[in-house]
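Presented below is the structure to which this report refers.
Chain IDs A, B, C, D, E and F follow the sequence of writing; residue 1 opens each chain.
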Amino acid sequence: MYKTALFPGSFDPFTIGHESIVNRALPLFDKIIIAIGYNTTKDGYFPLDKRLEWIKTVFGEEKKVEVTSFKGLTVDFCREKGAGYILRGLRTSADFEYERAVAQMNRVMLPDIESVFMLTLPDHTHITSTIVREIIRLGGDADAFLPENLRNKIKVI
Amino acid sequence: MYKTALFPGSFDPFTIGHESIVNRALPLFDKIIIAIGYNTTKDGYFPLDKRLEWIKTVFGEEKKVEVTSFKGLTVDFCREKGAGYILRGLRTSADFEYERAVAQMNRVMLPDIESVFMLTLPDHTHITSTIVREIIRLGGDADAFLPENLRNKIKVI
Amino acid sequence: MYKTALFPGSFDPFTIGHESIVNRALPLFDKIIIAIGYNTTKDGYFPLDKRLEWIKTVFGEEKKVEVTSFKGLTVDFCREKGAGYILRGLRTSADFEYERAVAQMNRVMLPDIESVFMLTLPDHTHITSTIVREIIRLGGDADAFLPENLRNKIKVI
Amino acid sequence: MYKTALFPGSFDPFTIGHESIVNRALPLFDKIIIAIGYNTTKDGYFPLDKRLEWIKTVFGEEKKVEVTSFKGLTVDFCREKGAGYILRGLRTSADFEYERAVAQMNRVMLPDIESVFMLTLPDHTHITSTIVREIIRLGGDADAFLPENLRNKIKVI
Amino acid sequence: MYKTALFPGSFDPFTIGHESIVNRALPLFDKIIIAIGYNTTKDGYFPLDKRLEWIKTVFGEEKKVEVTSFKGLTVDFCREKGAGYILRGLRTSADFEYERAVAQMNRVMLPDIESVFMLTLPDHTHITSTIVREIIRLGGDADAFLPENLRNKIKVI
Amino acid sequence: MYKTALFPGSFDPFTIGHESIVNRALPLFDKIIIAIGYNTTKDGYFPLDKRLEWIKTVFGEEKKVEVTSFKGLTVDFCREKGAGYILRGLRTSADFEYERAVAQMNRVMLPDIESVFMLTLPDHTHITSTIVREIIRLGGDADAFLPENLRNKIKVI
């Protein structure tokens, strides 16, 4: 059976932690769709098209990775894409509580969907898009927290 | 002694989890006042009058339940209403930390007040108003997370 | 309706934190049964009869409090005693996770039972029987953590 | 690539929560090895051969499931069996902290190994082998927490 | 070696909990710089100059305390000030997860910096600037949560 | 003022995580006493004299470090040694809850004592003596989790 996983997020920006989760999950699935959920009322800090472009830069050659965006519910997009799995990275126990609530709600709305979790590496545990964004916004150098291909590319706006 | 409990919240919207807490706490008190705390500077997503109306629909016949709203501090409203207890539902350990801080602050301001906690049912543990609201806003069907009387009634606005 | 709550524990020993929970819960119930669950294979540190005697000393005059012990499941003892509520104190989020698991298991075995939680006071949050016992065992003075009536009474054995 | 996952535990006893994790993870792997780690100095409550027999009863017909036991380190057994994944169920945030520590230690010792986590269902979140064992030991009826095939089979010893 | 610690925060407002952390940390350092991090896009509730003035009022005579504000990254300000330590108070485990992420990010950006944590007193564990601010905003009396020198001074704006 | 910190633990065995905490805390204190608390009824896995010897090997040349053992309460040993600080490493939020309880109890018994916490490095967050001990006991290679001077020295017993 063809196994597709959705890796949803706002990726504002995509970090070295996200990259590692996708790379380590790739052998487990036939396809991973990295999908930026967005809505018209609440923008991210970086523009949607930039965020998509950056992720494409990271996984340029990788055939099993698709990069896209969606409006609406994650479960509806899974249905549309035929994705049977939602992939998520877990950093801390605070993450876990939130991820559990979302996963259980998703399961009620789409019982076929299964959420699969992998751990961030120890060196990535402290890296959140929120803090990385704040560093960039304050003029700091966040390259250590970004995928290699994106270093020197993501700047304060 | 007449025992009145305040069940404060923003109830934006009132979920099946809230309904269950009130129903299971009813035998313990002579009266439960479900009270929407609001302030003029920070609106909720659903209008205050709608939120009140929905809760009244849920407990229509129940004499021991009063539904109302208040401005200002919860402890001041307890004093005004003669409520000796604050009733709260606990879902997760993240909830707990926040609820504990609020309860201890309330106790310093009004030493007579006692916070009483009940657990959400396992099937309701993942249900938060925030996620339910998000589902409705994104056009999803949130009926599974709403009290029976409110299904088909709460729509995106 | 007559409202009986069971306050189960090993109370090895009964601390100032336990005392406070019972005293603050008393107005909410018609009777509180403080019940030491024990089994023949795993003894406590202090002998069962001493632990019972100490709790009786604390609540000597209080008609609404009964002090006893039981073997077997807590829910079976609730049924035997006609207790509709299980009273528990919550100290920390670590407590909470464990208490939630136990409460949900109890509810599956006895759906009528309702677990009711109250918070320990800020000054009692750090007091656990385990640490108090360890202090006594190491020859320290644990009086600050014991009910007033028990000070100078509980010694290393 | 052939994907084998190890599902290690003491399964003392195997619960309905464990069963659900395995069943939901099966489509993701070519084989799942349910493996009871044991050592000669610390016995479980139920005998090892009984625990193995019970799990075999649960998955009798399922070709993709192997049931076995091992001494020594989990990573060494993974190497021996050619398992590239360790499968674990997550119940609560307390679980999570412990699972994370173990997974990170395993990764240091065997960098190829990837730990994959799935969530217990909401109705299973409170079910731990420890509490189930305690219920059985105290003479209670734990059938609601056991796989259907094991009901009436696991008794106090 | 001269030991300088930075105590960064928004202190909106400075509470009795913050005051206690600084006073208890003073013997450990030669100088503590209490520094309000601010940025032009996100204002606090109380004006920056008021917040600075209030903290100066609290530590008026204390030679080892400097009160100031900064824009940009905390680590850059540490470098500028020659501070080798970042001092933080820990209240709850929720605090801890966030503080750990920030501290680890800081260490990557400035490896020489060491974060040092002290616990809030039990009576201060529930006091957060957020809740204190909310009390003041709703017209309540927050004096019990403020340093003695600031009582009657901080009012709703 | 001469600043002495006690770093108490069972250190069964002393890990690379412990070593890092001591080294990073050294500049903050005039002396750090690494002290193994033991009691006659509950032995550790490794013999006390071995554990002491190993720690001495790690800090051989360091004049500011003293390695010793003690019976009884930590606060009594602080008093005896004139230590005004208890130094502790924090790994996870589970750690934190326990450490907070112990620290608050210590403060009640010896108000002058101040507990100071430092974070384990990200790469050490998952390292606990319990898991390291288990690895050694099961015949695994735990050298990656031990101070450099102790590699090849700590074996299963």
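Throughout what follows, a residue touches a chain if its C-beta (ideal position, glycine included) is under 8 Å from a C-beta of that chain, and two chains touch if they have at least 3 such contacts.
Note that the structure is a prediction, hence the values are computed from the model and not measured.
Asks: Using the contact definition given at the top, which chains are in touch with both chain D and chain E?
Replies: Chains that touch both chain D and chain E, as defined above, are A, B, C, F.
Asks: Measuring between mean CA coordinates, which chain is farthest from chain E?
Replies: So the chain farthest away from chain E turns out to be D.
Asks: For chain A versus chain B, which are copies of one sequence, does the interface use mostly the same residue numbers on each side, meaning over half shared, or is it different?
Replies: Both copies touch with mostly different residues.
Asks: Taking each chain's centre as the mean of its CA atoms, how far is chain D from chain F in angstrom?
Replies: 33
Asks: Can you compute the centre-to-centre distance for chain A and chain F, using the mean CA position of each chain? Integer Å is fine.
Replies: Result: the chain centres lie 39 Å from each other.
Asks: So what's the Cα centroid distance for chain E and chain F, whole Å?
Replies: The answer is 29 Å.
Asks: Spell out, as numbers or ranges, the residues of chain A touching 2 or more other chains.
Replies: In chain A, 92-94, 97, 100, 103-104, 122, 125-126 touch at least two other chains.
Asks: Which of the chains are touching one another, listed as pairs?
Replies: Final set of chain pairs in contact is A-B, A-D, A-E, A-F, B-C, B-D, B-E, C-D, C-E, C-F, D-F, E-F.
Asks: Touching chain E in the complex: which residues of chain C?
Replies: 92-94, 122-123, 125-126
Asks: Once bound in the complex, which stretches of chain D touch chain C?
Replies: 92-94, 125-128, 131, 135, 137-141, 144-145
Asks: List the residues on chain B that touch chain E in their complex, please.
Replies: Per the stated touch rule, the residues are 39, 71-73, 75-76, 94, 97-98, 100-105, 108-109.
Asks: Give the list of chain F residues in touch with chain E in this complex.
Replies: Within the complex, chain F touches chain E at residues 1, 3, 24, 27-28, 84-85, 90, 93-94, 96-97, 100, 103-104, 107, 114-119, 121-122.
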